[in-house]
């Protein structure tokens, strides 16, 4: 959290008009959390940006060193609170990799179902807030936002009847999952999935060819392929720039190789390309959920006995880096175990942190109004940026 | 390529990005299509739940307010003060003191700082006697923070006041873990069936 | 580029480096070839994806800087490490090779106090400028208040 | 005997009626938007939220009036008034029924257009006086936008003038006795669409609400206003929208013409004006906002030439048919 705004680090062609330093955030309607962007403006054009983060810093990495393998997964949800399932997933995967703990097939499928539903829920929130950024709380953006929230509720209802909570789940545990499906859940899930599939068509009708939407997104915030590769962004951002990189494909985990799905790649690199990528991902995630429900095997949901005490899970000395494809990209957990019940060191590789680092590269040269559109298309979650 | 994109780069990239068709019929159709969607939603039923007037149905596994319960058969406090929940609680909001008894132990004090609780259900999970459970209750807000510091009496009172959720320690442990059948048999034997 | 090819190439070009494991391949290099190795990994091994950079505090044995880089297309995954040695807190910066190292090194400086030489803008990123100490060092206690105590 | 009182009483009645309508128009919009978004909207104050506007007014009156230290105080304090006056004045020339109106000027529509463009002064004063960067940017945008959209707005409004052959609003209304101008072949519909679009833009409503633009400029020019001053700005804004809706109903939808006895005329007029208002609202809640440069481009490159051509075409048609009027 830096309080010094360095002189604009980016010199663009100077038009001769007086420069204006404008502070956007940390409390700003479209800051997506607590994010401060110090913009240097020439008229309406942004010529420099300094991104200030850290307002939500809780030092998760230190926290993880003080909590055992049994305790931390439910805290891990708090890094990326919009897609809480994925961060838990990365942590338990890392722990299981060091301990060489097998995960039963049913647990793997349940993990996939939860992760994909979470991706849909997260993308719904992204679409809503992004349109809110572009359309305003007093305009069409709010309409799309409320539609998306309305549909997201159905997924949260599913999570609620599965684990009992709507935001921070604690569904994953080392060696499996904590909860089995309640009776009737699979049917309810199928209905929800079909319903959301229909409603996504509605959003597309509202946005797809809409000239107002197109002029705001096409050619805005272009990330070239080279830039995308240089900065290390991942997820829908890098796929929108023509790089075919999806961990579910390049390094299948948790039985993702069993499922048939398409990894969308767009070459435009602009906000519209990222929108297209995510819209396809919606459908593909729903497809994966359907397949997983169809083929869900019987069996135990965890390879380890149920938790009875805090230090029950001990993991031998070693280190591992586990990554999962979260809604925002590569969510990774680098874990060093020293043989005790607590990790020696843990590093979160938050997808939003790396994705947000692209902002200073692409925002200069755009108008003020584009800043929020670009930021929305990056889809940062500040719990994950600041950790 | 230089370190950052310059304005000229931005302009070039903007112009190079693919454009959608700009035919007038397409535009008109898209605009009318968007307005049709909003019009269609105008006649849908609102999804609002009038919260304090109408309670929504809580699912069976709802993780809400925490409570202590009495043993159903003997009517005694189920908590034996073993402090397992205190150790497992990630934000460390539970404090228990044990009172040694003749036949069994009790919790001398049991405090729960609900304002810091994160409802992860780990305390329920580890409880060997199913004493701490979660309730189907959502209304936790209060005007005084001190009211959220729950002691043993308050926790028992909450246990009587609300409906209990499905999860208890034994149920959770039964659901997880690989040797499911074997352990189920064990429990039956222990219960004398 | 298979794993074996990569391993041979690394052994040829960097005799001081030790490579072990395969997914990810853990490569330990001396600190003085930290940047040349990264450049080699990016240009020769094709590891363009810069996943993260962090450090580990091994108490008396000093700090260790860890970076994860990937060749996504050929599924080559490297975990590059370098030991700085006891008491040393300076490390060459990777920003000249990977643009994504910018924020990662700032975070690492913020949390461990490692000065990355050659970084264009090494400031604290997550904590305030007036923060004292570097929280992820093992010598930094968790449960004591730290100045500036706010 | 009491004739000297009439010029006082009639404006008083009209002003209060307008205030009442404007206040409840906010409720109408909120309910309408809420239903469009699957919500119920205001619900708690009174049955189905019917007393919500009154509660809002009371709340805003009770609120602390904060003036930023660095604000240009006279400008800051004056701005809401300067903004409100033109917004209320536009109702002066609107005849609500034959002979019922404050002043039926022979240049009525000209007066309307001239006065409604005056609001920009208040807007700019508010943005400048607040001494806030968001407000300043918003004020700059406002000047840009209002100037560029007043022209298409005027051209679109002049089409019915040409068709009716009069600048007097009551005569334009009477001229539609046979055929509402919105049903005039081709020209009528095009002019109506252009009118709606430029109304949306000139009233700064989404998708053209770049000066409010709360996603980047928080609340635009009124970001520093609170309490009653905020209420006045809000009132002025809604009064302007309602005024433009009345104008739209008058120019295109035959004003007070409708079935039933003659005294129902004002009711019909109100219903039509609300129809125009809801149309504008419907557009507002259906689209995302576009950027300032795109808004200007749309105005100068598309809407302005189009309305100009339309106006010329109307003139040609009128000359060709020999007589003005339908």
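We just call them A, B, C and D in the order they show up, numbering each chain from 1.
Following the convention adopted for this analysis, contacts are C-beta pairs under 8 Å (C-beta built on N, C-alpha and C of every residue); 3 or more make two chains touch, one makes a residue touch a chain.
A quick note: this is a predicted structure, and the numbers were derived from the prediction, not measured.
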Seminar exercise, completed: Using C-alpha atoms only, the most centrally placed chain is A
Exercise. Hey, which chain ends up farthest from chain A, C-alpha centres compared?
Worked result: D
Seminar exercise, completed: When centres are defined as mean Cα positions, the distance from chain A to chain D in whole Å is 43
Seminar exercise, completed: Rounded to the nearest Å, the gap between Cα centres of chain A and chain C is 24
Exercise. How big is the gap, in whole Å, between where the Cα atoms of chain B centre and where those of chain D centre?
Worked result: 49
Seminar exercise, completed: Whole-angstrom distance, CA centroid of chain C to CA centroid of chain D, is 61
Exercise. Touching two or more other chains, which residues of chain A qualify?
Worked result: 9, 140, 143, 147, 150, 206-207, 210, 227, 361
Seminar exercise, completed: chain C touches at least 2 other chains through residues 99
Problem set entry | For chain D, residues contacting two or more additional chains | 36-39, 285-287
Problem set entry | Chain-chain contacts as defined at top | A-B, A-C, A-D, B-D
Exercise. Within the complex, which stretch of chain A touches chain D?
Worked result: 20, 22-24, 28-30, 41, 44, 131-144, 146-147, 150, 206-207, 210, 212-213, 215-216, 367-372
Problem set entry | For the chain A and chain B complex, residues of the former touching the latter | 9-10, 12-13, 45, 47, 67, 70-72, 74-75, 78, 104, 140, 143, 147, 150, 153, 157, 160-165, 168, 170, 173, 176, 178-180, 182, 202, 205-211, 214, 218-220, 222, 224, 226-227, 268-270, 272, 300-310, 360-362, 364-366
Problem set entry | Contact footprint of chain D on chain B as seen in their complex | 31, 34-35, 37-39, 41-42, 44-48, 50
Seminar exercise, completed: Seen from chain C, its contact residues with chain A in the complex are 23-24, 48-52, 54, 56-57, 66, 68, 72, 75, 77, 79, 98-100, 102-104, 107, 111, 121, 123-129, 135-136, 140, 142
Problem set entry | Touching residues (chain side chain B, partner chain A) in the complex | 1, 4-11, 13-22, 26-27, 29-31, 33-34, 36-38, 41, 47, 59-63, 84, 87-88, 90, 118-122, 125-126, 128, 134, 165, 167, 172-180
